[in-house]
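Here's the structure, in structure tokens; my notes come after.
Naming follows writing order (A, B, C and D), and every chain is counted from residue 1.
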Amino acid sequence: MSEKVGFVTMGQVEAAGEAPEIGVGMLGYAFMGKAHTNAYKTMPYMMYPPPAVPRLVAIAGRNEAAVAEAARRYGYEKYYTDWRDLVADPAIQVVDNGLPNNLHAEPSIAAAKAGKHIFCEKPLARTAQEAKQMLDAVNAAGVKHMVAFNYRFVPAIRLARDMVQGGELGEIYHFRAVYLQEWIMDPDFELVWRLQGDVAGSGALGDLGAHIIDLGRFIVGEPARVGGLLKTFITDRPGSNGQRQKVTVDDAFEAWVEFDNGAIGTLEATRFAKGRKNGMVFEVNGAKGSLRFNLERFNELEVHLPGNQPQAIQPGFTNVLVSEAYHPFWKHWWPHGHIIGWEHTFVHEVHHLLDAIVHNTDIAPYGATFEDGYKNNVIMDAITQASAEGKRVDVRY
Amino acid sequence: MSEKVGFVTMGQVEAAGEAPEIGVGMLGYAFMGKAHTNAYKTMPYMMYPPPAVPRLVAIAGRNEAAVAEAARRYGYEKYYTDWRDLVADPAIQVVDNGLPNNLHAEPSIAAAKAGKHIFCEKPLARTAQEAKQMLDAVNAAGVKHMVAFNYRFVPAIRLARDMVQGGELGEIYHFRAVYLQEWIMDPDFELVWRLQGDVAGSGALGDLGAHIIDLGRFIVGEPARVGGLLKTFITDRPGSNGQRQKVTVDDAFEAWVEFDNGAIGTLEATRFAKGRKNGMVFEVNGAKGSLRFNLERFNELEVHLPGNQPQAIQPGFTNVLVSEAYHPFWKHWWPHGHIIGWEHTFVHEVHHLLDAIVHNTDIAPYGATFEDGYKNNVIMDAITQASAEGKRVDVRY
Amino acid sequence: MSEKVGFVTMGQVEAAGEAPEIGVGMLGYAFMGKAHTNAYKTMPYMMYPPPAVPRLVAIAGRNEAAVAEAARRYGYEKYYTDWRDLVADPAIQVVDNGLPNNLHAEPSIAAAKAGKHIFCEKPLARTAQEAKQMLDAVNAAGVKHMVAFNYRFVPAIRLARDMVQGGELGEIYHFRAVYLQEWIMDPDFELVWRLQGDVAGSGALGDLGAHIIDLGRFIVGEPARVGGLLKTFITDRPGSNGQRQKVTVDDAFEAWVEFDNGAIGTLEATRFAKGRKNGMVFEVNGAKGSLRFNLERFNELEVHLPGNQPQAIQPGFTNVLVSEAYHPFWKHWWPHGHIIGWEHTFVHEVHHLLDAIVHNTDIAPYGATFEDGYKNNVIMDAITQASAEGKRVDVRY
Amino acid sequence: MSEKVGFVTMGQVEAAGEAPEIGVGMLGYAFMGKAHTNAYKTMPYMMYPPPAVPRLVAIAGRNEAAVAEAARRYGYEKYYTDWRDLVADPAIQVVDNGLPNNLHAEPSIAAAKAGKHIFCEKPLARTAQEAKQMLDAVNAAGVKHMVAFNYRFVPAIRLARDMVQGGELGEIYHFRAVYLQEWIMDPDFELVWRLQGDVAGSGALGDLGAHIIDLGRFIVGEPARVGGLLKTFITDRPGSNGQRQKVTVDDAFEAWVEFDNGAIGTLEATRFAKGRKNGMVFEVNGAKGSLRFNLERFNELEVHLPGNQPQAIQPGFTNVLVSEAYHPFWKHWWPHGHIIGWEHTFVHEVHHLLDAIVHNTDIAPYGATFEDGYKNNVIMDAITQASAEGKRVDVRY
């Protein structure tokens, strides 16, 4: 051959940038299993050089055929049909818990006791009490712990947080947020686990509301008190046995909130907003400016910051395509305007977790810890209590 | 001259279409005086043939120089510096009350006793109790009564109401509405009457919240119970004497609401939403479809009605420019796409009032009566009580 | 009565602010007759104090019943069925020509010879040659002359012009504009005058293209050369006799343009853009910023001016609601966010005309003179020639 | 362990679904190398089961340190510093050419002669003549050939094509498209290869215009004739030697186009549209409906299809979030509303290529073949000629 030829092996690639290998064990292979696994596989070459290279050691699930197929599909070395085996696997340093909510506590606590770092889907638990046990466990074990509040890793949302926390909006007066979906509006939609109170803990509140509550804390600060109501529009649905069974979670909730810093606002989540697919929308109003975000327009942040602008344009909101090299996370991606998608939040989040493990830095404040997860559950419990008792409830961690 | 020449007089124009003349007396010459007067002057030739031709008999205001100038500017035949004189004027059949809120009850009740029809600015009163007295007075007098909830006369909102009431959206699950402004955010903005509790009754609640509460009732139905909080961010401001004085109204309120028909939602109004000029935005979600409206995009209604559409486009919201000849009010205006503005709501509203007077038809349900105004005050009082007592409050008319 | 009562008469109102009365004669009572008349009636009290108070002396039209009705409806003192009589009426100082295009030249020239100021609908003429005769006539007569390029009087467009001409965008590289409508797409839509070449001169080019050509000149500067094509999609249509007749105008045109200052762009107008009601959209790109406007969102201007903004928001376009008191024309209207509509362009335009007459100031550069109208026709002729001959054509006035 | 444990190897994963392995050789490691490689790595588990599993055999580039790093980063087994060595590698079945435009022809022709399938970046060549040689070579070799017009693989664009070709819009009247960027507006931006005529062939025309020309052909049909102009705003720039050198490509072009089927429209591409990052926007107007797309809102398609809708909403455009399981490509991704990004076009495209190779199906019509690439070059040459000669030019393949 006329010029130099070089050979590299897969192993050499893994060693890129002196990055250590970290063994990952995945609990669950459905929606979140797919999203998280994609992140582990993509992060090392997209956010390059990576802090560590995830080694996909094992995936666990109860259906052997399905979990075996998932292992083949995604390239996990092994599969387990019992999560306990995965947690016990010495090659695994990070346990990623994408199981239903009722399986967040026990495996996570077991993993902590086994000295594994833990990345757990949200909501952290079904109740604040359950979450507290998980928090105590990870604190006792001294492992890294992160809750998958992945929207903290949307570039536009990180930018929003940085602007608010950096004081660019001045004193904050309002935070209003909704999370609107429509996927269970058919009264004959079956009673999946997300509609069963003993499994899910709550309905729209824990599934969707948890996200906007977390973003309120991430961007604005701690809530002080709340009022609100939960509602179930369709009270029975077909169960797995074909019989209609009672729905034991909320279909929607509405709440007002007052923050410690004096800001006030509304929170709402529903699965009965016809036409709204993934409609998480929030707005922050401060003394000097405002921000708006819509998850369905993931790459955009609307910013009103009249301060330095020419008078003619001071009244407006600027629609910022958050895709400049200087924007959060963007240096790892494409030329501006070549937008990224929902799945990439997990790529950023996994990077954050592995970086914290390798360099022993804090997950907080950019990542959500189990402490954030616990506080999230406290707030959800307060809204539930406010609804049940018809009164406002103070948030007490 | 080579062809026929015809002469008409102003008088003949007034007589157009056999329309009777109705004498109007205007209380107040500021913002609302200008908007209402423009409606009286424009309606007869734009919504042609008119049910009646308004005769601008008199305008009243306390500042003689100002009211005299207003009379000249707008073409009122007379001016008064005491509203009692205007109410007593026998040439006047309609008293239009655009005065501050503390001057809604007494002049309106006096006008009713004098047998005048009444068109009163919103909120109808400072409290439900005060509103009830006004309602009783007009009922006793048997005059026509309308509250200036002019947004009922936005073409897109009338269309929204007709769609919801016509069942096109099916059962309604959600109504969420905000009214966001920014005009008093400067802590040195003076303590105008709208910030004085004894004059205005309330702040953002009565000024802005009244509108979205009315639209909730107009579009969705009667509220059953509410929870919420009122907040004053800037607690003192410069008074007319230059000294800082206590602000005695709310700067913003947040509320949740449950309707009689089971729909739930949030209500919010604020004057502290930086960047938001006149941001009244609402959304309705029903079993079969959804609607969204933004007052700053007055001529548009976003509609999600997947029912009959090709599958490919079923997920979306259709942005409807409400300007076809078959849309509400539009036959009176321009070719489609030649949009109208905020002021035209009053043109439609005045047409509705005069039509009801001339043909002795009902103001309700399209116009807001004093009964609507009273119920509006009841709901505002309930929100205020919920805030004060930290509990949910049933709406009882 | 307890306080002072003042009486004013209609006559006193007319004399408001020492404003002189100017007699107006209107040619035509259809779409444009309605829009112009509304402007004459509204301007004196909305843009107060007015430079002059229009006196609606006479309206002319060939159908006596219709024109008599129009006179009654709008309050004209007289009607004529021959435009020559109106032009000869000594009480008339301004002739407003809202007739079809083939009746622009003769009445306007006659009016000029009679010493009347002239306000003529666009396009000024059917050809540049015809327009030149009109320009020569008004110049010889020394009267004021204005062509109804009313979009120059949209607040957002005036702001755009001021920003570009003030250098805020730096050197201009691009101007692209479309005017998209859909109203003749039905092949059985009849052959109205706007589809007859001998009456209209051209089709989409003269009706819609004239507007965007004017805005290109108003905002960016003089075109140097053009290329393009005209197209007629439906070549015959039902005539007034029920027989299908040949369509003798274009249904659409496409063009590229190069300006004297080096900017380049595209121009397009069509009546075959399904779903587009009144879709005039343009964008200007300069070295330092950009502007976008959409007539269906009349009150908004999108502005990209990164210069002084915080880095985070530099990439974006700011959606400016052009409704602040400091924005063009806005001090005459409402609080910000209370939007105005299409019809108000004429209110502003009539104010400009009467102001120029009373104070003997120039119509140009903010209003379009007959010279602007003539140049507009020259450019349209150049595009037509470019299409016919398949080559680029220099613009030579 | 308490339950079954399964072990899989990476090799077993590669064999998933009986998918064969296909060896890929990548030419170039910059922007397009990253995007294409990501697609090869992601496709097998996201679009599962894959038609084939790409084996990343080798990557080539002239800078050894850089190409070695790229190989490690992305997991290529080998690197080459001479493309000829990569083309000769027997383990490679697909040559992916992401080199600058002047290196499209020779390596692609060599690869064809070596019996490799070829995936070449766009524009296919610098001129139609060069493209024809490439087309002849792949035809002679009988290999699969695809040009990376990746926007054909945007879900919303595939949907647009299917709707238009399926007749849902009826006869097409208009296609207008722009591709607006801003990245070379600084006069001191250096003379990179994309600004050198001998390397790039053309500027905005070939880089951006090629895409919209391809989409015009993909969605609407073959162009019949064009007119237009090319323009270079900044005529010299700093070269690699620090001296200012002549810019030998266009900064922007404007064109009109008439299609064989009678549709007409405009085409424009520029790198001088301040504020526009990746602004590819097109609109199609047909007799029965219209479509609009904006690349910066990648997941949305605006559709006007009034046919079956309730009258009230017929006027509007429906903003469709193209993310339902039944939408093109979407079954491979996430729940609706969880949007994807620009990079995923390549994932779809690589799937299409490998599927065609494995099942010996046609690249056309959904993928762009070298024949499409050649025709694209013919049209670009016609626009260039039209500009140079100031006349319209027929498109002759």
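As a convention for this text, a contact is a pair of C-beta atoms (placed from the backbone, for glycine too) under 8 Å apart; a residue touches a chain by one contact, two chains touch by 3 or more.
Keep in mind that what you see is a predicted model, and the values were worked out from it rather than measured.
*Asks:* Between B-D and A-B, which chain pair shares more contacting C-beta pairs?
*Replies:* More contacting C-beta pairs are found at A-B.
*Asks:* Which chain has its C-alpha centroid at the greatest distance from the C-alpha centroid of subunit D?
*Replies:* Following the centroid criterion, the farthest chain would be B.
*Asks:* Centroid of subunit B to centroid of subunit C, CA atoms only: how many Å?
*Replies:* Once rounded, the distance between the two centres reads 33 Å.
*Asks:* Which integer distance in Å separates the CA centroid of subunit A from that of subunit B?
*Replies:* One centre to the other, that is 43 Å.
*Asks:* With chain centres taken as the means of their Cα atoms, state the distance from subunit B to subunit D in Å.
*Replies:* Computed from C-alpha means, the inter-chain centre distance equals 54 Å.
*Asks:* Could you tell me which residues belong to subunit A and also touch two or more other chains?
*Replies:* In subunit A, the residues touching two or more other chains are 276-277, 315-317, 321, 323, 336.
*Asks:* So in the complex, which bits of subunit D are touching subunit B?
*Replies:* Result: residues 159, 163, 168, 303, 305, 308-321, 323-324, 326-327, 336 of subunit D touch subunit B.
*Asks:* In the complex of these two chains, what residues of subunit D are touching subunit C?
*Replies:* So the residues of subunit D in touch with subunit C come to 169, 173-174, 176, 178, 180, 185, 227-229, 231, 233, 252, 254-258, 262, 264-266, 268, 270, 272-277, 283, 285-290, 304, 306, 315-317, 386, 390-392.
*Asks:* Considering only the defined contacts, which subunit B positions touch subunit C in the complex?
*Replies:* 1-10, 12-13, 15-16, 31, 35, 37-38, 41-42, 45-46, 48-49, 64, 67-68, 71-82, 84-85, 88, 181, 183, 276-279, 295-299, 321, 323, 334-344
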